[in-house]
Amino acid sequence: MPQQPPLGVAVIGTGRMGADHVRRIDEVVHGARVAAVVDVDAERAKAVAGRVEGCAAYTEPAAAMASSDVDALLIASPGPAHEAALLQAFAHDLPVLCEKPLTPDPAAALRVLEAEQRLGHRRVQVGFMRRYDAGFMRLKSVLDAGEFGRPLMLHCQHRNASTPPGFTSQMMINDSVVHEIDTTRWLLDQEITAVTVLRPAPSTAAPAHLSDPQLVLFETSGGAVVDVEIFVNCGFGYQVRCEAVCESGSARTGEEAGLVTHSAGRWGGTIPQDFVPRFAEAYDRQVQRWVDATRRGTVEGPSSWDGYAAAAVCEAGVTAQATGRRTTTELIERPALYA
Amino acid sequence: MPQQPPLGVAVIGTGRMGADHVRRIDEVVHGARVAAVVDVDAERAKAVAGRVEGCAAYTEPAAAMASSDVDALLIASPGPAHEAALLQAFAHDLPVLCEKPLTPDPAAALRVLEAEQRLGHRRVQVGFMRRYDAGFMRLKSVLDAGEFGRPLMLHCQHRNASTPPGFTSQMMINDSVVHEIDTTRWLLDQEITAVTVLRPAPSTAAPAHLSDPQLVLFETSGGAVVDVEIFVNCGFGYQVRCEAVCESGSARTGEEAGLVTHSAGRWGGTIPQDFVPRFAEAYDRQVQRWVDATRRGTVEGPSSWDGYAAAAVCEAGVTAQATGRRTTTELIERPALYA
Amino acid sequence: MPQQPPLGVAVIGTGRMGADHVRRIDEVVHGARVAAVVDVDAERAKAVAGRVEGCAAYTEPAAAMASSDVDALLIASPGPAHEAALLQAFAHDLPVLCEKPLTPDPAAALRVLEAEQRLGHRRVQVGFMRRYDAGFMRLKSVLDAGEFGRPLMLHCQHRNASTPPGFTSQMMINDSVVHEIDTTRWLLDQEITAVTVLRPAPSTAAPAHLSDPQLVLFETSGGAVVDVEIFVNCGFGYQVRCEAVCESGSARTGEEAGLVTHSAGRWGGTIPQDFVPRFAEAYDRQVQRWVDATRRGTVEGPSSWDGYAAAAVCEAGVTAQATGRRTTTELIERPALYA
Amino acid sequence: MPQQPPLGVAVIGTGRMGADHVRRIDEVVHGARVAAVVDVDAERAKAVAGRVEGCAAYTEPAAAMASSDVDALLIASPGPAHEAALLQAFAHDLPVLCEKPLTPDPAAALRVLEAEQRLGHRRVQVGFMRRYDAGFMRLKSVLDAGEFGRPLMLHCQHRNASTPPGFTSQMMINDSVVHEIDTTRWLLDQEITAVTVLRPAPSTAAPAHLSDPQLVLFETSGGAVVDVEIFVNCGFGYQVRCEAVCESGSARTGEEAGLVTHSAGRWGGTIPQDFVPRFAEAYDRQVQRWVDATRRGTVEGPSSWDGYAAAAVCEAGVTAQATGRRTTTELIERPALYA
């Protein structure tokens, strides 16, 4: 029986996320290789490609897609560039793992949805990597089994040690809470129908323009209520927690774990300082599962529909944040392709 | 030096709470004795008094107050009877530990405030026993020390295994969330200025008329935001948790503790089934501290003002619950006596 | 029905433990008062007595015992003085709570046993306060219920932040491990039949003469094996833990609890620095239960037999420590009075 | 730059461990492929090979080693077959990942050591997979950093839910405690110099012939003392824990983690039922690191020396178990190749 060759992946965008995906495919993932990298910065593309055997460097996604070495795309370029890259990928009928967001706004996401429907089959997996975190997977499986009855509420916490320069209040929704938006939709298998944002008096540790922390509330199509603490300058580390409160029990993920030490009058452990150690295995698993599915000729994981819905809820969230008012979300009817 | 005799306490009301306070004073508390019990049910009063040495039984609070054996009152009768008993106590200038609520509504509470001010000195401690729970006391002391900066948010959970017959949605605010109202005011040293209530699709385990669970939101005079899960038919036990999120750190109380067992494929421990084991030591400490202060001739702990403010926020909460709208609270100006 | 007067207690010895018991009886315990204090240092006795209403000061135990105000004794003098005080107490037929050790050696303990037997009824409770710690009480009750089958092993840890000047290796057994000796005998309801001591290369943080930490092993009459880490200069705080390994499950007490904080890259909590906060409630409960039993005319809790057995195992432990050899213990046959 | 082809691995032995390694290399590991499988059972070899693209089946290790497709060996055959396979591998100068034990006895291990020395370079990594568990790696890194000073004691627990038929007391040492032997040597970077085994009265849940649980004690060349609870019929699941007690702090790994649930009066989580979920990531990481090192032309991880030392300590452990006596271990001088 002949051996199946590794999947040739073109990684589009070689910033922090893109470069990390290049390393992941080159060193960790089974059954794939980095066939090409693409970056508008030709020098950076070449530098990254030079670290990988047999990897070409391009400045245009189209050029990579035209290469016979390229079987699939991992899009890690900035969000505004996603739509064009996705439409080109559809033209080449190539499978795509697209880092979140699918697109920065719901209108663009709708255009992607329509193009994928014209193609007639799913090609896109969106990079909501929490769905591949061991803890969230266990939580999902407890909820799906209905062990504790129907979920009624989710309590979520999402904390970053600090924000980079230029981080805005809207980014708290679009870049951070977007993960809780997807988590909520996925865990509950319901759509988010309304968003409310409460803004406490900001921490003095936050940049002057940033209303940090905030409490974001979701209402869902199935009547669940979700509260999300988003606190991006908490100072002490990176934390993501979620408790699902069900009819006869509750389940929490993201609690403290790891080495327990005793010293200097204290017990406890360390908190990761950013998302890399917290979700490293989730990223690995996400890409491995995508490669495995792609080699089997299937598409799994979060779809373009999930990317569109997240964009629509983000839009409502930013409005709710700006107005202080409960803001409802309106989604188009779910196309049959994403049923 | 002559020995100070024990404080003679009349316990008014011999229902579940009252009878437990009789036992506590008779068996646990140092420096006090049950001098009298009062209950409209003469048989019950006599039965309870008969279990305590030297204890008289009355059907009228006034009769107990007139006894030379009675130095102080512990009011554990139903809430609607509190106002009359308190006013009589003021007439006898007797120190009082009054079970919560001070009164069922803010108008009655205001009359109590006014009477106490006419008396010219504080006589009332209100039975918000959480202030005497070791965990909450540690949390308060961390916040007061400012170790982690200013508190920005509180996340609270309050769960009961199930409700007795006749338990109403309003009682979820007036009997249950009232504890989080006092906890918030005490921990933050701020007033609650607005209440919002979100009601998820109710649990099928809840009685038909009860919208259970609910998510109650407080905004405070210092700009903090507080979320409270109140879930009174959670099925699995009694849980009270509170996490204070501050500018550079967070602190949680009420986490699982106690014996950790491993058996039958599971690790963990037991959850108390009601408030008695959870707050037994808090009740003991509350009454002991009240007795100690009373014997020293001072009044400490939650005041009539705290009872009034709680009643006012409860009233706003019940409105918020009924209307689904954010409801602001209006307090009178804080009298000098309670400064 | 006339009121029973409080139990008049004479506290013998007003060092750290004695003074704390005086405070406890004076301020915390229900149904007792400090009628007298005794100390060879007349000034200290007077100073302590002066802080308590109606309290006499003596330099001789016999003088206190002769007082009609004294109904019971709490012996908190140094161990070598216990035997004489106990024999005098028997002469006055007074109930006694005797701080551990009952006596410093088994020969003296045997003389106390014989004297108590001549008296014909139990008069002594020994101050093994762990039996009154909530966590250990729960562990005992799980074992007694046989929920997980027969206990096979205990894993114990006993750590102090540091030792006072003059603390010797023998004191590691006689003052520290003596608690695990009693805990083992009580939890398992078995006698300890052999002791082995292993001595790792000592910590550089320990005083030069002290072989710290050590691993002490017990074998019991029922075939259980117990390991005890004794580490009295661990540097970081005071910790007492015990895990009982049974046929179908295990149960641990003494795990970290209390406020959980997040700050500066760490999660966790504080460790108490000495036994006072760790066992404060156990001391309170021990004395309260002793007072309650005494007022009912009964004697409960750890007996002179338990004091004797502990002394005998300590003696074997010190030998095992000095020789590096497994050392068996020999107890007299258990007298009927202690059956 | 040409792409490096995947490492062709021959897996020798297709029992539970071997078949799992085949799956791992075929589906998880990056940079390797299963080029051949070997099993004395030709049908089983063919069946396993048939599930993998381009995989040959052999009944003799030598045949696989002669294949030009085979670059490295993973030996997962029964322990008694290891020596012959290792010596053949040396003849072909092939890199080997050898499942533990290196050999069942120290004499055979010495012959392997000598042969590898004659070869003149290290070729063998022994499958002590705990060294690749995230928790143990963190513990090792804390100890190596010397954050808490020198390690003085280790407390270890190793529990299995139950044993398969035919499991003997010697296997408790050779198959189970061997992991703690390697863990001790690796964490402390010291040799084990003496072993003592204490045997409590066995659990009634253990098979009649099995003295289960046991307490195994190690003394090390650096003066540390290690206690190991080995309990292979604990009934409730699979647990591996280790606490390192150092001069100024302690660190534990293996504590309960994962989803925390509340239901039916209990809080807690599930315990894995065997080593597969507990150490799945450690196995993946072990094989990935071996493949990575092999492709770089280096040998890392536990060496033949570690395999020999473990065998020698196991031999002493079995003697200690049988005799009830402290048994010293004698190692040959460490050859320069393993310095």
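Residue numbering begins at 1 within each chain, and the chains themselves are lettered A, B, C and D in the order written.
FYI, a residue touches a chain if its C-beta (ideal position, glycine included) is under 8 Å from a C-beta of that chain, and two chains touch if they have at least 3 such contacts.
In this text, all values refer to a predicted model and were calculated from it rather than measured experimentally.
The chains touching chain A as well as chain C are B, D. When the C-beta contacts at C-D and at B-D are tallied, the pair with the greater total is C-D. Taking each chain's centre as the average of its CA atoms, chain B and chain C sit 37 Å apart. A separation of 45 Å divides the Cα centre of chain C from that of chain D.
Spacing of chain B relative to chain D, judged by their CA centroids, is 58 angstrom. Annotation for chain B: residues 234-236, 248-250, 260, 262-264 touch two or more other chains. Interface residues of chain C facing chain D in the complex, by the touch rule stated above, are 149-150, 152-153, 155, 157, 198-205, 213, 215, 217, 219, 222-225, 227, 229, 231, 234-236, 245, 247-250. Interface residues of chain B facing chain D in the complex, by the touch rule stated above, are 234-237, 239, 256, 260, 262-271, 273.
Residues 1-4, 27-31, 33, 50, 53-54, 135, 138-139, 142, 147-148, 248-253, 255, 257-264, 281, 288, 292 of chain B touch chain C in their complex.
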